[in-house]
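Just below sit the structures, each encoded as C-alpha cells.
Two complexes come next, and they have one chain in common, subunit A, joined by subunit B in the first and subunit C in the second.
This part shows the complex of A and B:
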C-alpha cells in the first residue's frame, strides 16, 4: 500500500471538470485508489464520488493506492505519483 | 444552501422526448429563461457550450449536469428535466442520459461546488434516481429531493454530533459583537477544517452567545482559543490549555493559534474567582429559574445596600441635628437631604436592575433592554390610561417583567433566526431592541392596571376595617407592608397610614411603620442565628439588614424575598402582622411617616413599641428558620 497527503491548489476545488479529468486518468490503474478527505474515504476513480466529497481549495487530502498483491507495488507507486502530481499541478487549472 | 432552495416547479420539465444533446441544452436553458434566472440566455448558452467543449458533463449512470458560471446569471438556480427514453448526451460511458440538471451560477461564490456535491451525494443512490424518474409532477419531483435531502442532512448532523469531541474549541467576542466576532469564528472553523482538527467556535456577539460550548466538549478538548476583545465566561475553562488573544488574531492567524494548541504549547489556565455552579446542561427547570432569579438579585444587592445605608445616614444626621421629626424627617438639614436624595436615586435603580438581570440571564444581552424598561415600568406602574405612571407594581411586578421579558426575547430570538443570515447584523442593534421594547411596554401596561385595582380595593377594605377591631387592622396593615415591599399592598397600607396622620389618628401610622421594619430585622436575625438557611453571600449582607430594619427601609428584605419568595414573604408578613397587632394593642402612636428608630423619640408608648418590634421580628426569624431549607454548605 502506498499513500501520501497532498493539498488541493486549484482555486475551484474538485468541481466537475477537474474531477472528471482526475477520475478518467486514474481509471487505467487496476489497484484501488482511495481519497481520504475530512475523515471520509471516497473512490478516486468515480466522478460522482469525487464530486459528492465536496473537496475545496486548500483541503488536505490523503491518497491511498492499494493493489491486490505484492506484484502491484510498482503500479501503486505509479498511480500515486500520477494522482499526486495532478493535484499538485492544479488539475490543469493553475 | 438546500437544493430545493434553487429548484422551483417552473424549472422542472418531466417525461420529455429529446432528439439529442443540443435539444436537451435548449430545453434546459428555456426553463431557466422562463423562470427569470438569466439576464441574457444567449450569453449563458455560450458558456454552457464552452463548458461542454471541454468534456461532456454527462457523468454516467444516466445523469448529465451541464453547468456554467456566467455574468448573464441573475441568481443561482437549478433546472431539471427527465427523459425516460434517454438522450445521447455524449456520456463518458456512452449510455443515454435520463436525468438532466442544469446549474446556473453567477460569477462569484463557490455555491456551485456545494450544490453539485449535495446533488451528487443524493444521485449516487439508485432508488433515488428511479423515484425522480417516476415523479408524476414537478411538485412530486421536488418533494422526492426534499425528503432525501432532509434525511441525508439528518444523518450528517447525527454523525457530527457523535464526533462530539472537538480537539480545539474557540470563543470569539468583540465589543460591538456584530462583525468581528463572526469573522473570527468563521476563520477559526475554516482553519480547523484545513488543518484536520474540526473546531467549534462559540460566538459571544451582541445577539447573545451562539453555538455555546458544552461542558462535555470542553472536557474532551485539547485546548481552547479565546479570540476576544471583551470579557467572556472563563470559569468553565479551568484546568484546560488556553490561549487568549485579540479578536483580530483569530481572523488573521487562525492556523497559528490552532497549531499552538495542538503542539501543547499553550499554558494551562487556572481560573481565579469563584468556581461556577454546575453546568447548564440538563439543568432542571426549577434550577434554571433559580439561576436567573439569583442573577437579578445579586446584581440588585449593591444598590439596595448602598441606597439603604445612605438613607439611614440621612436619618442619623437629622436626628443628631435635632431636626423636627415630621414628614420631612431625613431631608430637614442639607447634609441629610444630600444622603437621602442620593440614596433614593440608588434605590430607583433597584427594581429595573432586578428585572434587567433576570431577563439578561434568560435571553443574554438582548434581554437587558426589556428587563430594564419592564422593571422601570413596574416601578412607575405605567398603564395605557396613565403611561406616565400610576400604582407601582414593585418588586413583584419586576419579577414578572424580568421573567416574561426574558422568555419573550428568547422566543423573539428563535423567531428571528428564521430571517436570512444577512440580517444578523441588524438584529441586535435594531430588531431585538425595537420589537422587545414594544412587546414589554404593551405587556407591562396590560399587567399594571391590575395592580391599581388591587390597590384601590385594598384601600376600600382598610377604610371599612377602620371601624372594627383596631388590633386586627394593625395585623392587616403590618402584613400588607411586608407582602410586596413597595408594590400595591405596601403602598395601600402606607398611604392609609399617612392619611390617618393628617386626620389625627396616629396609632395607624405606628402599625404601618412597624410592619415595614420587621422584614429586614427578621432576616437579619435569621442570618445571624440560623446562618445555615442562607447562602454565603446572603449571610454576608445580613448585618446590613439590622440597619435597614431599624431605619424602616423595607427594601433591604427584597433581595431575600426575591430569591425565595414563597418562604420569605409569608414569614415576614406574619412577623409584621404580629408586630402591627401588638403596636395597636399597646396603643402606640407615631406622627412621622418614616424614620424608623430615629423617630422613636416621638413614638407614643415607645417602650411597648420596641417590644412589639422585637416580638414581631423574632416571630419572623423563627418562621424563616422553620420554612427555609438548610443549604448544603
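This part shows the complex of A and C:
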C-alpha cells in the first residue's frame, strides 16, 4: 500500500470538470485508489462520488493506492505519483 | 378560457398549440423477464445511443451557442461513464432488475445525495443526473427525445425543461415554452433567453389540464398564461404579438451596431445583471459590457455567507462570459429592509437611513475583505472594476482603498479601477470632492430619486411623489455629470431611468458617457439614442430645465 497527503490547490476543488479529468486519468490503473477526506473514503476513479464528496480548494486529502497483491507495488507507486501530481498542479485548472 | 400564473423567464408573447413532452414518467416493470445478458445489451445500446446523440448535440451547441453550454452536455457523458455507477447498475442487473429499473434506481440514488448537499454547485448537479436518467429511460422505451421535431407554432409543455431537450430542438425551435418547474437562473432559462424563445416556468398546478393541441397564449415577461382563449382574447394577443415581433425585428438591426447619436457621437451601452448566469445574455442583447453586477444574490437564501472561492467562481464566470469587456461589480448592497439569514442582519426601524451597504461592509471587515479578494482574483480573467454603494464621504472611499491595497499586496495582483455609486444627496452635493478619490461615477437613480424627494416608492401613499423627472432629481443628475466632466472621470447611469426613452435625450444632452440597462432594454436604448442629434437633445433639455414642476416636465416630454 502506498499513501501520501496532498493539498487541493485548484480554485473549484473537485467539481465537474476537474474531477472528470482526475477520475478519467486514473481509470487505467488496476489498483484501488482511495481518497480520504474528512474521515470519509471516496473511490478516486468515480466522478459521481468525487462530486458528492464536495472537496474544496485548500482541503488536505490522503491518497491511498492498494493493489491486489505485492506484485503491484510498482503500479501503486505510479498511480500515487500521477494522482498527487495532478492535484498539486491544479487538475488542469490553474 | 382559463388563466394560470408562472414565472416569466424569457420575454415575448407566444401563441400556439400545446405539444406535451412527458418526461419518462414511463411505466416499466422492475423485475426482468429476460436474461441478464439481454438486459445488459439493452442497456448498452441505450448508453451508446445516448452517447452518440449527446456528442452530436454538444457539437451543435458549440457552434450555435458556445463552448460553455456544450461542456455541460459533455459532462453528462463523463458522469455516465463513472465505473462506480456502472458497477452499481450491473449489480442490480445481476439481481434480475430490468435495465430501466437498474439505471433509474442507481441514478436516483445520486440525485438524492447531490440534492442533500450543503454545497450549491453540488446541488445543481442533481439536475444533470436527472437529465441523464430521463434520457436513458426514454431511449430504453424507444421514446427518444434526441431527434425531436415539433410542428409549427408549437408551445412546448413539459414538467421541467432540460438543456439537452432544448439542444435537441435547435432545428425546430418551439414558439414558446411552458413548464411546471424550474427557476429563472437555471441553465435552461438562460438558453431559452439566448435563443429568443418566450418562456414561462414554474406554472405549477396549471399544467395538468393541458392536452396536446390546447391553444396557449403565454407572456414570457409577466409570466401570465391563458389556456383555450375566447375569440376576442385571442385576437387581442395575436395583434399584440405581431406588433411585438415588428418592434423586435426593428430592434434586431441594432444588435451589432455601435451606440451612436443621430449626429454620430458615441456612447457606451452596458447591462445590469443580478447573477453570473445572466452574463451570457449581455452579448446576445447587444450590451458592450456589464455596468452593474449586483453581488447580493450570493448572500441570499442561505445559512452561511459564501467563501472567497465561491465568490471568485461567480465573478470569474461573469468575466469570462463577456470575453474581456468591462465588468463592474458592486460590493454588497444590503440593509435592514431585507432579511439575510447568512449575515444575521437585524431588522431596523428605518432601514434606508440605517446601517446598510458600504457602512455595513466597513464595519464587517473580514466579510468585506473576502469579497474584495474574490473580485481582485477574478480581475485576472477580464476587465473587472469595483463599485461602492451608498457613498456619502471621501473617507469611505479611502478606507476601502486601504483594504483593497492590503488585499492586493497579499495576492500580488495589479490595481483595478474603483468607482462609486452616486445615490445620496450628500454624494451629489460633494461630487467634486468625491471625484478626486473615485475612478468613475455611476448614478443610481432608483435610490437617488427616493432620497432626494424623501418619498418611498414602496409606500403606496407616497409612491406618487416618487418621480425621476422631478426638477430636483434632474438638477441633481446634471450637477453630478458636470462634476465628473470637470474632473475628467467617466460618468454612467445604472438606474431604471437610464432606459426610459423620455430620459435618454436629456442624459445625452447633459453629457452622460455610459447608459447601463437591464439586458431586455439594451437594444431599445440604443435605438432611442440613434434617434437624437445632440443639438435637438440640448434644445429639449433647455426647455425641460426651465420647467418649475414635474407636471410641466412631463407635459414637455409628452409631445
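As a working rule, the second predicted complex is superposed on the first by the 94 of 94 C-alpha atoms of A that agree within 3 Å, B and C clash if a C-alpha of one lies under 4 Å from a C-alpha of the other, contacts with A are read in each partner's own complex, and residues count from 1 in each chain.
Please note the rule applied: a contact is a pair of C-beta atoms (placed from the backbone, for glycine too) under 8 Å apart; a residue touches a chain by one contact, two chains touch by 3 or more.
Just so it is clear, the structure is predicted and the values come from calculations on it, not from any experiment.
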item	value
Partner chain(s) touched by A:15 [first = subunit B, second = subunit C, both, neither]	both
First, second, both or neither for A:60, with subunit B first and subunit C second	first
Partner chain(s) touched by A:45 [first = subunit B, second = subunit C, both, neither]	second
Shared subunit A contacts, counted only where both subunit B and subunit C touch the same residue	12-13, 15-17, 20, 24, 47-49, 51-52, 54, 56, 58
In the complex with subunit A, residue positions of subunit C that touch it	71, 75, 78-79, 81-85, 110, 113-114, 117-119, 121-122, 125, 129, 307, 309, 312-313, 316, 377
Touch list for subunit A against partner subunit B, complex	12-17, 20-21, 24, 38, 47-49, 51-54, 56, 58-60
Subunit A-facing residues of subunit B, complex	51, 54-55, 57, 59-61, 63, 65, 67, 92, 110, 112-114, 116-118, 120-121, 123-124, 193-196
Complex contact set, residues of subunit A against subunit C	11-13, 15-17, 20, 23-24, 27, 43, 45-49, 51-52, 54, 56-58
